[in-house]
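To keep things simple, chains are lettered A, B and C as they appear, and every chain counts its residues starting from 1.
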Amino acid sequence: MGRRQMKNPIVTLLTDFGTKDHYVASMKGVILKINPLCKVIDITHHIHPQDIMEGAFVLANAFSYFPEGTVHLAVVDPEVGGPRDSILIVTDHFFFVGPDNGLLTLVLHQEKVKEAFKLTEKRFFLPNVSNTFHGRDLFAPVAAHLTLGISPKAFGRRIDSWKTLEFQRPLVKDGGMIGKVIHIDSFGNLVANIGEKDLDRFVGKLPFHILIGKRRIEGTQKGYWEVKRGGLLALIGSSGLLEISVNKGNAQKVLKVKKGDKVFVQNTKDD
Amino acid sequence: MGRRQMKNPIVTLLTDFGTKDHYVASMKGVILKINPLCKVIDITHHIHPQDIMEGAFVLANAFSYFPEGTVHLAVVDPEVGGPRDSILIVTDHFFFVGPDNGLLTLVLHQEKVKEAFKLTEKRFFLPNVSNTFHGRDLFAPVAAHLTLGISPKAFGRRIDSWKTLEFQRPLVKDGGMIGKVIHIDSFGNLVANIGEKDLDRFVGKLPFHILIGKRRIEGTQKGYWEVKRGGLLALIGSSGLLEISVNKGNAQKVLKVKKGDKVFVQNTKDD
Amino acid sequence: MGRRQMKNPIVTLLTDFGTKDHYVASMKGVILKINPLCKVIDITHHIHPQDIMEGAFVLANAFSYFPEGTVHLAVVDPEVGGPRDSILIVTDHFFFVGPDNGLLTLVLHQEKVKEAFKLTEKRFFLPNVSNTFHGRDLFAPVAAHLTLGISPKAFGRRIDSWKTLEFQRPLVKDGGMIGKVIHIDSFGNLVANIGEKDLDRFVGKLPFHILIGKRRIEGTQKGYWEVKRGGLLALIGSSGLLEISVNKGNAQKVLKVKKGDKVFVQNTKDD
């Protein structure tokens, strides 16, 4: 168990706890009490309560930008205290700590798992583990101990499977591609489950248009500035996914679209 | 005044300043200018404006998780600039800096005061102290100087009393216990002023039920998972207080209850 | 290019990105990957989307409180990816990195520019620069490299002009001074574009009153406590500007005033 403290330890936090209560601060206190050298960085605490897939999306878009060895602690945990397991997944570049409920689904589309463990060793938890706040009582102390260089295998029993959620890819049907809005950001940009490659494969070099919320958009632009102020456009956003935006405006408000609504891509031929 | 810098200095911040303005950042700048080695950790800045008791509640639930020696800077300060005093309270484990208005009431139910001071020494303040922002001009520089190892007694005159607010305990009346909702968290969980011990003492080992917002809840559960999705339940939450929750839902929205509303606990006998 | 790492490097962030998405965390990851010793401090991420002047105001009120040498990274960037330039401005005390769109207008009323550069050196950017997220792909890595001690001139071509926005000063007309509300803080305090000196120069030692939203306020107070609870007052706030407030209340709600609404200052003579 060659224990060697991480050199510039970072723990990131992603939760649905909000920032008005004591929850997040308690977790940070617990981490700093175990390893005062840790940098604790918020990814977000504003995941909609219990929305695991939203948490998975935001985490998957942020984690890879952090230094190798970062411990990502993610807690969107509707089954807290119940029969769901607590896990640690070690990938080629990072550590992930949290409930085993699919929150890592999209991360693991990008990262290769090296080893995984069910968290069972109580000596790494707080002395009293509540049934409602494993973030503070279990996940935070495990994350902090990891940064002290405790070997992953010390935390529990090795596992070789974990829960994943279905991520619905776009469908090709009747000559069109059907996707949906999977995330709406704070600017009102509508992010679809249509990757740059999905789009390229489907439309090739032919002209195409996008249908969403009763509006039609011709092809994609390189950036917002290519349309006039208030103009509707589509582009491949910074997540590598198709996004519908309004230049200097809010596409969600303009289109009155909500998460889950359909996005159609069609080749433009006769009309 | 054996001055020795704190080794891994932490200053926490709890305010009602919100996060959209420059207020919080100015305080952080002031602290880092005095001690660049400080870690400044937010507890929250979303206390409802001027709600001292809410600040007291959140602070009391977070402070003890931080490493010994942490400086807790708490500013919910409706009387800023007026006749209220500015104080430093040193307890067995922590330092608390802020206005003398009762904000530490609930912390001091848990912590023993070692010494306390009225902040009068202007050499530890910013050169110009405004009448509306002592968080930046007075409390932040005092907190930062504390982390430099300045002795508490250097900051002002020793005092032996400070303001406390009344914290209303549950009443026992007509054979029932009457409490009230004192906090509603971002999940919509309703936290009552009824501690685990209050409850145990009142109900003993007998069956009991809870009445809140026209609904009746039979006894307490261990965790959310014990009732079905959308089910109403009561449990002892992670603060050690009685909480009313909806599994995977929002009890505040379901019960249409607000802060201050009554919570009744009654033994279940004949009905 | 005498390269010497900053000793206690600080990068501040001011954006309109909100805190519910992965945007801010990605920027922090990028910075920490380049310089793990950086402290990254949020000024705010809640600037109204694309409101450059609001960003300019909050930045101008916060930046000077940070230690000399702090890198201020500010991104409110409606023209991202388009023809607007990316710049680095070095002042007597700080570094400023961001889009060249006037976001530094109010900072540069206070700071003297030493040198300025257009950011063109791609070796300091992420390998793939998106057209929609320069905060992550361009500005964050530049800020982080600055903290490594890279010389400002390494980042691009020297420039000697940059965009500034017009900041409307109060007008004196018909014997009165006419200003406007330029910021409303989270307490509902109404900040006017009337500085302490503007006011002194205009009213001298004579009595005056303020007209705003159909209400009249006699002169200024030293602090909130000088009027009764719920009372309307004016004072010179912690930004050095005239503010309209309600003691323990919310002036915005009471007066139903919005940003841009007029504030009149008049000498009180005959009435």
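The working rule: contacts are C-beta pairs under 8 Å (C-beta built on N, C-alpha and C of every residue); 3 or more make two chains touch, one makes a residue touch a chain.
Being a predicted model, the structure only gives us computed values, none of them experimental.
Counting the residue numbers that touch the partner chain, subunit A and subunit C have less than half of them in common. When the CA atoms of subunit A are superposed on subunit B, the rotation angle comes to 120 degrees (nearest 5).
With centres defined as mean CA coordinates, subunit C is found 31 Å away from subunit A.
Touching of two or more other chains is recorded for residues 19 of subunit B.
Within the complex, the subunit A residues that touch subunit C are 7-8, 10, 12, 19, 39, 41-47, 58-59, 61-67, 70, 183, 185-188, 222-226, 235, 237-239, 243, 247-248, 250. Residues 16-23, 25-30, 32-33, 36-37, 40, 49-50, 78-83, 130-133, 136-137 of subunit B touch subunit C in their complex.
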